[in-house]
Structures are given as C-alpha cells and as structure tokens.
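Which chain is which? They are A, B, C and D, in the order written, and residues in each are numbered from 1.
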Amino acid sequence: MIVIDSLVDFFQETRKHTEKLCEPLEIEDYVVQPIVDVSPPKWHLGHTTWFFEEFILKPYAKNYTIFSEDFSFVFNSYYETVGKRVIRSDRGNLSRPSVEQVYEYRNYVTRAVQSFFEENQNETLLALLEIGIHHEQQHQELLLTDIKYILGNNPLLPAYSDTVETHQNEIQEQQWVPIKDGVYEIGHNSNDFCYDNELGRHKVYLQPYQISNKLVTNEEYIEFISAGGYTKFDLWHAEGWDWVNQNGISAPLYWHKIDNQWHHYTLKGLQQITMNTPVTHISYYEAFAFAQWKGCRLPTEFEWETAQKHFPWGQRWEWTESAYLPYPNYKKADGALGEYNGKFMVNQKVLRGGSVATPERHTRPTYRNFFQTNLRWQFTGLRLAQ
Amino acid sequence: MIVIDSLVDFFQETRKHTEKLCEPLEIEDYVVQPIVDVSPPKWHLGHTTWFFEEFILKPYAKNYTIFSEDFSFVFNSYYETVGKRVIRSDRGNLSRPSVEQVYEYRNYVTRAVQSFFEENQNETLLALLEIGIHHEQQHQELLLTDIKYILGNNPLLPAYSDTVETHQNEIQEQQWVPIKDGVYEIGHNSNDFCYDNELGRHKVYLQPYQISNKLVTNEEYIEFISAGGYTKFDLWHAEGWDWVNQNGISAPLYWHKIDNQWHHYTLKGLQQITMNTPVTHISYYEAFAFAQWKGCRLPTEFEWETAQKHFPWGQRWEWTESAYLPYPNYKKADGALGEYNGKFMVNQKVLRGGSVATPERHTRPTYRNFFQTNLRWQFTGLRLAQ
Amino acid sequence: MIVIDSLVDFFQETRKHTEKLCEPLEIEDYVVQPIVDVSPPKWHLGHTTWFFEEFILKPYAKNYTIFSEDFSFVFNSYYETVGKRVIRSDRGNLSRPSVEQVYEYRNYVTRAVQSFFEENQNETLLALLEIGIHHEQQHQELLLTDIKYILGNNPLLPAYSDTVETHQNEIQEQQWVPIKDGVYEIGHNSNDFCYDNELGRHKVYLQPYQISNKLVTNEEYIEFISAGGYTKFDLWHAEGWDWVNQNGISAPLYWHKIDNQWHHYTLKGLQQITMNTPVTHISYYEAFAFAQWKGCRLPTEFEWETAQKHFPWGQRWEWTESAYLPYPNYKKADGALGEYNGKFMVNQKVLRGGSVATPERHTRPTYRNFFQTNLRWQFTGLRLAQ
Amino acid sequence: MIVIDSLVDFFQETRKHTEKLCEPLEIEDYVVQPIVDVSPPKWHLGHTTWFFEEFILKPYAKNYTIFSEDFSFVFNSYYETVGKRVIRSDRGNLSRPSVEQVYEYRNYVTRAVQSFFEENQNETLLALLEIGIHHEQQHQELLLTDIKYILGNNPLLPAYSDTVETHQNEIQEQQWVPIKDGVYEIGHNSNDFCYDNELGRHKVYLQPYQISNKLVTNEEYIEFISAGGYTKFDLWHAEGWDWVNQNGISAPLYWHKIDNQWHHYTLKGLQQITMNTPVTHISYYEAFAFAQWKGCRLPTEFEWETAQKHFPWGQRWEWTESAYLPYPNYKKADGALGEYNGKFMVNQKVLRGGSVATPERHTRPTYRNFFQTNLRWQFTGLRLAQ
C-alpha cells in the first residue's frame, strides 16, 4: 500500500517543514524549558532525528556510523527500553550540544535515511519510516505550542511570525446535529496510516444525542467568566476546583485583561480577543465547567467520531468526556515502539479533531489525541453535546 | 416502596453497628490520621452524625436545637455548599471535641432522628433518611480500612479483633466464563435504594469476552513478584512505573517478608500469607501490571456487571479497566447532596463487587465504587478477563 | 558537690511535676502533633523516661529488665547513636502505646531509678541522674508550649488551665542601662549544674553599649503593626521577608483580631491583649524587624550576660543577635550524650533568659537556649540594645 | 582619595574583562540556569549593566534615554526598592532579550557612563562608580563559577578554556602558626575601597590559638572519604547529616570516581585529581566535618584576619566558623544600595580569602564573603585551626 517514492518524498518534506517552523527563532529560543511539559525546540529537532537513527539506521543500515554516542543519551525521550534517558525536567539545563551541532546531526541522519532507502525497501522498513514521519509530525505540533509557551511567557511577549495562527471565525449559525441511538462502528478502517490506538474497529451502542455544529467561541466563554464561572464550585469537579484555587486560574492561558479589555498572546504577538473565534488554551476542567454552566455536556469520543462528518473541524483540539483507554483487542507493538501509546492509557482524556498547529495530512476522523486534564498549552477547545 | 418501620429500624441498627466497630479501640486510636486518605475514627463517628443533623434535623425538625455550632465546622467533609470545612489533612490534629463528646453528639442526634420520624413521614424525608443510612454504611467500610491503616502502620502492629477479616479461600477451579457479543443493559433497575451514579439504565454493546470465575490469589501474585513483576517497566503504565519507583513499591500494602516468608498485617495481627485467598491491598497500577504479565486484562465495569451472576463475589473490591464517568443522562441532585458523586467523576477507576469490610445489604450488582489509581488501603483485588 | 539525697528528691519532684503538667489534659490531647516542631505530650512523657532507662538503668543497673523493647524504638528522639529512631514527623500518627501504658512505663522506670540510687552512688551516676533531671525539665518547658500549640490551633480554642501563664506587666519605667567597653568574662563559673554549651569561661571584648531594662510590650508591638511593620521590606532580612510573605504573617502567633480588637489565645483561653505585658510568640525575624523599626538592635548574648544583673528577666525567652556557636575550647561529651548540644550549633540563634514555662531552678544567667529563626511557638520576646 | 582618571580606566577594564570571560561561550551557554543559585551568563552581563544605569545614569545624567524599560524589569536582581523583579528561579526561562541585544545594552551603557564622567565629577558620583565596578567584579567571580556549573553538569562535560583554573600546589610544609591571646583590631582601616560590611573597625578579644599555614589538600580530603567520613553521623551537624543523606553526598562537587580513580571536572575539562592542590567545592558542612575528624576546628573570621599575614592565601575561599553578622555600629546605606549586604546577615557563614575566580584587586584581608552552609559551587576550601 505504501508507495515508496512518495513516502521518501514525504520524509524529506517533513524534515524540511520542521526546520521551517524554527526559522523565526533566535538561537536562545531553542534552549529553554519554562515548564516540564514544554521541551526546548532544540530537543525536538534532535529527538525526531534520534528516532530515525535509533529505529532504522542503527538496527538495519550496515556500516552506518552513529553521529555521536552522547546524542542517544541526550535525545531519548521516554523510551525506557533504550538506555538511560535525560530526566525530562532537566532538558532546559542543557546548553550543549549546540543548535548548530543539532542541525548537523539532522542533516547527517536525513542524508543517511535517504541513501538507505534508495537501496533498501521492504514493508517492515517502510512501516518504520512511515511511523518516524508521523512521529515527527506530532513533534511539529508540539514544537509550535512549545514555542508559543516559551515566547508567550517571556515578559517581552515577542511575536513569533506574522503568517501563523490565523484565527478562523465560527460563522455558521449554531445548530444541534441529532444522532439516533443504535450500534455504530468506531476505529480505523482503511489501509492508510494510523496509530495503534485507533485500531480494533469495533461496535458501540450510542444513546440518542445531539451535538453542536460549532465550537464554543470566545464570546460565549467571556459570558461564562462574567457570570462568575471560575468562582462557582458546583460547576467543577472536586479536583478541578482545587486546581483553580491552587493556581489562581481565572481565564484561559495567555489571556490578559488590559484596560478592561480581554487580550491574548498569539504567535503574532499580543492581540485583542476576537469574539467569534473558538476559545482555546483551556483545560479539560474548564471545558467541563463551561458545559455544566450551559446545562450541556462534552461529547464522548464515540459520539464525536460518529457525528464528525456533520460539522467542520480541525481548528482546535476538542476535549471529550472519554477517558483515554485501549480499544477492545488493543495490542501494543513489540519492543521500544510499544511504548508509544499504551503506557499512557490512564488518567488522561481523549481529544479529537486537530488544530491550527497540526500538520497537513496528519489528522483524521479516527485520530485520538490525549492529555492530562490540567494541561492548556495545546490549542484546546470544546464543542457541546446534550 | 420504603417501609417506614423497617427503615427506622435499619437506621438504629446502622447506628449501633458503627459503634460496635469501634468497640475494640483505645481512645487514642480514635484521634490519629497517618495519611491524608485515612480519617480518624472519631471523625467518622461525628461526620455520619452531622449528615443526619445537617440534612434532616436542621431543615425539617421544628424546634430542633443543634448540638453545637462548632461541630458543623469540624465534621463537615467535602461539602462546599455547607460552610467552611476543616482542611482534610488537618483532621488528625484535632484532639477536641473529645471521643466522649462525639458519642454524646451521636446519641443526641440518634434520639432526635428517632423522635422526628415517629411523627413525620413523607417520601422526601424517608429518602433522606435512607441516603443517610447508606452514607453511614459507606463510612463503616472506610472506618474498618482506616482502623487497619492506623494499627497496621504502628510499629507495635497491635491486633484489632479476632473476629474480623476471615479470609475465605478461592477453592473452586479456575474457569473462563464466556460471554457473547451483543447489546446488554447496564444500570440500576428496581425500586430498591441505589446511588445516583447507578441510575440511567442504558444499553451498551459488548464484544465477545471471557471472564475468570475466580479472583487472583496470593499464590499467583507471589509468582508475579518472583518473576520480577515490579522491576519490568513494560508491564506498567508510565505513571504507574513512576509510582513504583518514587515510593519504592515491591509488594502489596501490609506485606512484610520475614525470614524469607511473606507475612501480612491483618485486623487479627501479623500473619503468614495464605496461598489460596485472594490477593488484596493493591493499587490499580499493580492490578493492571499483573494482568499484563498474565497476557490478560481487567474487565470493564460493563463486562463485570453483565457477567457477575456467573461467579461469587463480595470478598474484595475488584479494580476494573473503566474510568469513573457519568452514565448517559446522569443528573446530580440539587444542593449539597449533589456533591455526593458527580464531582469525583474524573481521573478515578471504577471498582465493582464489595469486600469483607462492606456492611451487609450495602452492595449490589450495579454498585459502583471508585478510587484514585494509586490507592491501596481498601480491600482491593482483581479478576482477569480476556 | 552533688548532695545525693537532695538530688534523688529533685528527681522525684521533677517526675511528679511533669505529670502534674498533664493533669488538665484529655487522653486525646496526648496524641496529636499538629506541626513537626511540636511533639505529642505522650511522647514527652515516654521520651524523658526512656532517657533514664537508656543512659542509667540499661548500662548500670544489674538485673534490670527493660520495660519493652518497642519503647526504645518509639521514644528515642534524635540520638543517632542509639538505634533507629521514629521519624520525627510521624510521632503524631502513633496511637499506641496508649497513654495508660506510657504512665506504667514512667512508674516502672521512676521506681527502678529510685531503687538503684538507694544502693549505688558515685559521681558518674549522679552526674547522669542530674543531666536526666535537667533534660526532663527542658521537656517540661516544651510540654507546656506544645500543649499550647495543640489547644491553640484547635478551632474550639479550649482552655488548658486557669492557674498558668499569668502575665506579669512591665511596670518599671523604660531606661537604658549603659555598659562600658572592655574585656568581660563569659560562661559558667561555679560547681552547680550547667550544660556543656555554657562551659569554657572566656574573655570577650565588648564595645560600649546600652541595653533596655524592659522587655518590649504588646503596646509597642501593636504600634509596629499599625505602622505597617509587616509590609516594609527594608526592615527585614531577605529570608525573613520571604518567610512573612510565604506564610502570610501579619501578627505574632496566637493573635486574632476580633471586632477590631487584638486578642490572643493563652493557656487560660482566648483573651484580650493587655498592653503593658511583654510581647511574645514572635520569631527572630520579627524581633529583628521590630528593632530595626525602632532604630535599635538586639543585644548579643555576651552583652546580655554581662548586663543581666541590671534588669529583671525570666518572663520570656529573649532573642539575641548571636548565632548559636561553640565557646572556645568547647568539647562535646563522648557517646550519645555528646549529641545533646553540639550538633545543633549551626543556623540557629541564641535566646537568653527563661519564660513562664521554664521550671524553677532550671535557668541561670549563663543558660543558652537556641532555636531556628522562624520558630514562634516558644514564649519568645525581645529586649532592645543600642 | 579617588583618582578620577584611574577610576574611569578601571571601569573600562572591568567592563572588558567581563566580556572576555564570556568569549569562550556558545550563545546557548548564556541562557540556562540549572539550579536556582546559578544565574545565566546573559543575566550577569545585563544585571551589572543595569546597576550603572539604575544608580548613576537614571538619577544623575540629564537627557539620558534609558535603553529599554523592559530591561529594568528583567535585569533587576534582589533590589526590592526598585520595581518588581523577575523571580530568581525563572531567569533560565528567558530566551529574550537575546545575547546580541544584551551586548548592545552593555555598549550603550558603557559609553554613556564614560561620557557622563568626562563632564561630571564629584565624590558622590565617583563613590557610586566605584561601587558599581566592585559590584561587577563580584559578578565576574559568580560568572566563572556559574559557567563552571553549567558546563560541569552537562553530560558532555565540555571544557571552557585551557587558560584558567590553574591549580597551584600547596608545597610548603604544614606548620601551625601560634597567635597569643589578647585584644586585636578587626575591620577595614584605610581610604581604599571596601564594602560597608567591613567597616566599623573594632576590638575583639582572642583566646590563644594556632592556625595552619596550608589549606587542606585533596590528598587529605581523600583520606577523610576513605575513612568513612561521609558515613559517620557524629562528625556532622544534625542538619549537615540530613543534607548528606537527602542529597546522597559522598564527595565534593564535580568529583567523579572513574575506574577507581578520583577525577574532577575543571574549567579545562575532566581531569584526574592532583593530590597536593587544595580541596575545593565543599560545603560548610563538609568543612566542619573534616575538621572534626581531624580533631581540629575551623578558625573564626577574627582569627583568620588576625593571622592572615602569616600565610599565603587567595587560592580558595575559606569557610570560617563565624556566622555572618554585622560589625558593631554597622549601618546600612540609604535606599536601594542598602540592600547590598545587611539583609543577608542571618543563617550564612563568612568566608575569607579569595579564589582563582576572584578578579585582581578585588579582595583584601578584611574582605568578607558569605554563603549558605550547603552551597558548593564556589571555589570553597578550608584551613584548620586549633
């Protein structure tokens, strides 16, 4: 199914796109890690490269000389199988290897992968290449949100670029899309690439429900704030309420009230909030509390997947009510690649859709993203159901 | 449906049973709180009493004089609606009110409730009485597990009583109970009492599965330990693995290896482990890792409920793979009683069954218990599915 | 020098006095430990007993049968030399041994010591007895301040007794006592008992100074509060300022402003502040900031000791500017008793004087008490110098 | 007393020397802050510049245009008087302003100061210039030790430069320098520059003592390690012993045992330990424990100052037994400069001497450095007394 030439092209495009995302950065921006969830851009560049070296070149490419023993140590992420990793919270302390050396590493590995696939082609290898490409695409998304965090928490609030994060308005009229009860099929169902957590297509029974054709907008969210949403404990989960109070939360991430007007930091710099764009940078706790306040609820991921063809999506990652759990018959891959998804399947929530930071060709209706309930640095939004 | 006389009798029995559970205690045992999840026995006695005073006597009993304003403050638990509560982790710092005063408070409120219901009987009131009884039963379970924690973490390892925690062996032969795929109904379906989280009977689609007729035994769990289960990261969730390492976990709670023999603290004191009783005092992380090691999995709560008539249960609370989420059309009660269940429906796992600490008449096939994934002080065990 | 009969009498009196201090307590009060610096009264009773058993009876009394192996473990404090101790912050989790058992332990050891000294008398033994008595007296002081903390942080604010903590007013007129510069002698200089940290009488050179004949009063301290003393960073040490802000400090410990009037919890219960009694329950940071605000300073311990005959003292422990350091030629005792003083000689401040909680015959002009700079649960006050 | 030309020359030299110290750095090295005590090199460059702008140019230079409002905010350190500072632990999260901008800022301010002093000369201004120069010299010392920490904790262990940290051996024979008892004078006593904490020349009485002519060497320290020094609690202060155990300390900072040989990271890279150079990078706790083990003690700062002419010094900062306290009649400066020294005079120890990182002309016999007792990233060593 995988067409070799186009896949190697896809590989080259993906590698270039990652580097293009870093073009507006100063060298200093590549280095810092303001919170544990954010990784330094330099690390993303190295880690996506290490993935190809570790899983393709080292095991399969004869005569391949690894670029540097030290880099394996520094750019491993959470793969317990593969040597001692650098503790995640220490990534921002590493001034070396330098940005220049990391780019050398990238070029070295990109060329080696290209050469290797000119002479070696089999299904196993191509499947590894494909997963490596999709892995790098995921990191492109993180790269953009991590850059936003690094710049958006700097007191100078520097802009990243003028050509990104164009907010599309929600212009259609709000309507409830009704779905009948019955047995539906869920999960990936084609020969195209998908992650292992989407596999195991299976039946679910859905009760009758309605789902909104629109994402919740900034205007609606400001109404929630004005109505005291952040001060009414009965709208919140107990641990959400603790989170609000311990962290002094009173608005989405990146929002600032200046002269009584709501502004937010965007990749283009500080801007006034536009009313009819979708709200973003909210935690699951906030999405849930908003839905409670509206007398509605969040859809489950099954409801979302079943209804998704009835509404546009892809502007925001959408929080669902579903816990991130394995599908029936889920089986994780052998070895280190088995650490990709399964080991995170506890105490996280599924997000569906895709965002302005998601690379083209990367998301699909069955795609399952997942984060802890308190996290907000992704472009997260919500859609109501009832 | 509720028969008034029997309900008031049930009330009296329940009140007495709570006090009976405390009979073997020294006064000192009533006071301490070794970890935040454990409450002092004194607090359970007061809090279950406060519940009847706060939700029945104060709003409905004319001329009722509350026992003490201070007690409302001290014995409120998590009810944000009702005044400022004592921070949970501070309960163990309160030497006053004394145990004697708390018993006076109990007697005062028990008599007042009895008198009140001799003259007042309507459905609303009886429903409140019933929920108050079941609330106290839940605290009986916690009382016993909290007492076990208090004594079992004392370096003197004092016994609580000789007449409790009789371990029933799993004597039947292990068999897989096969269940066909199809649509099944889940949720409470009678006029008997249940909690709001069991309501909303609804259909689910289950894939074909098999579930064990037996709980996993100590013998099997010791094999897991011996096979290095606690040292193999690939059996664990990522956060489970962190939990194991940060807390130095290498066996269930209360287990001690003495002269190369596994012992455990029981309410009867320190004893040698018996091989064919069900393993207990394990976290969800451990239950999951054991199932991974066996090449099996935990059942979902829907699989458990559908299959439960095919096996005996009630010795252990059984971890399921299901996250604790609202059933379709779940609606929480108005006011403070609405804080009972709904606000905990995030980042917890459902347990099904019942344990040696569960009072008679308290559990049922649709009963949903729930705890955070790291907790072990309840009598928690597991059953395999595949 | 030590007269045997009077010393054994002193022993008996001291043992009785400790128990007398506990008479007003409920059993529950013996058990709790609200903060790490406070020990449960039960523990003080046991620990002072353990001291006599460990250092006199076990090594010297032939045929002595120890009361219980477990108690050595439970009632050891910080003596690293003598077996594994119970981590200090866990003392409040121990409901057993019961209060009754601890009193049995006390009686058993008191009788054994009495019997032993009826037949054994030599200087080594009497010196050990004497240090044991003084050790118990120190714990009497802690016992009273710990009881105050336990009751004073209970939301019911129960009184301890009507016969203690009688506040003596500072009725004399404030005057500056002038001391000339020159060489003075410091340190213990008689055959009476003292601790090792007072020994090594030595010369110091003092610059000319003046020291107040009065302790600072509540009235003066309220002026400091009213003048914004807690909000002016330039009065504070950098770490004192952090302490104020991180803990939200705005008045001495136990102070409550009720209907615009300052009250404080005393061992007699909640009372209105009296203006001309000495301020108490302040940290070194607060003492320092107050002195800065007055344009004065705290005396050094040498200035205090040199001038002490010129003013009454003994109502409060007085913070000095001196760090707790060894005197020249300080030599700590061999073995476990060597852990008594020397190992605390870093990052603490010396207090001089004595307080309402100090037992009679326990303090003297050369006595050196010491605490960390943030602690306030002792009866700490201040005297100005310039 | 201050000769204007030479002082402006000294200013220019000092500014250049700071930049010279940064020459070997990659841009990435300027940004990171691995621990709270270490500041990013970029921050030192900016902060020393801000000092001249804030205290000279802004108040005194008419028509001076400040470089950037934001920089005041970012490069303020602990000066509470002057606006809101960036929380110290966040410095390593700031990728902007860029290194290039910081150098522009330096040049802008250096030129402005030079121009200003060409036309304005009075004692107040020159005194401010002088303190600004010495402030920058202090930061040169920190810069070098912070760079060492940044590179020495990077898994690649990169070298900084081949021309620094030349270890001078302690070649003279160890001898005890005897000093008689009597009254000595302490404190600064000339018209040359000194800090306010050295002023207030005053008399002290010293007991007779002996002080070593040599610093303790690596060889002696290795003997201490080999003799189990890190495992014997009775050599340590109680809080030192906790520090050893909580942090797993078993050797000085930067020491690595490789193939059974002690190595240490130096600014020239990883090297084998040389035996007769002074030990360095030890905490006060370690210095104290070593002295205990030797049956000696650390000198007080007064003993050190009195004896210093009898031995060479300047290779290491030497821990003393003296707490950092104000001299008699110490008076802090008015305004923000008053925050320089006085507010740190609690819970720190005095160090005397100077180190390989100390700029020429910066230290003197009366110079008092000070650090918390657990810190090791400075070039700290010890000298014995008895």
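The rule we apply is simple: a contact is a pair of C-beta atoms (placed from the backbone, for glycine too) under 8 Å apart; a residue touches a chain by one contact, two chains touch by 3 or more.
Quantities reported herein were computed from a predicted structural model and do not represent experimental measurements.
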Discussion item. Once the contact rule is applied, which chains count as partners of both subunit B and subunit C?
Written reply: none
Worksheet, complete the sentence: Greatest centre-to-centre gap (Cα means) from subunit A is with chain C
Item to complete: Would you kindly tell me how far, in whole Å, the mean C-alpha position of subunit B lies from that of subunit A?
Response: 37
Response to the item:
Between subunit A and subunit C, the Cα-mean centres are separated in Å by 58
Worksheet entry | Rounded Å distance between subunit A and subunit D, as computed from the means of their C-alpha atoms | 45
Worksheet item: So which bits of subunit B are touching at least two other chains?
Response: none
Fill in: Arrangement of touching chains [line / ring / star / complete / other]
ring
Practice prompt. Please name which positions on subunit A make contact with subunit B in the complex.
Written response: 78, 80-81, 181, 183, 202-205, 207, 233-234, 236-241, 284-285, 288, 297, 321-323, 325-326, 328-329, 338-339, 343-347, 373
Fill in: Residue ranges of subunit A in contact with subunit D within the complex
26-34, 42, 70, 73-74, 86, 90, 92-99, 150-151, 153-156, 158
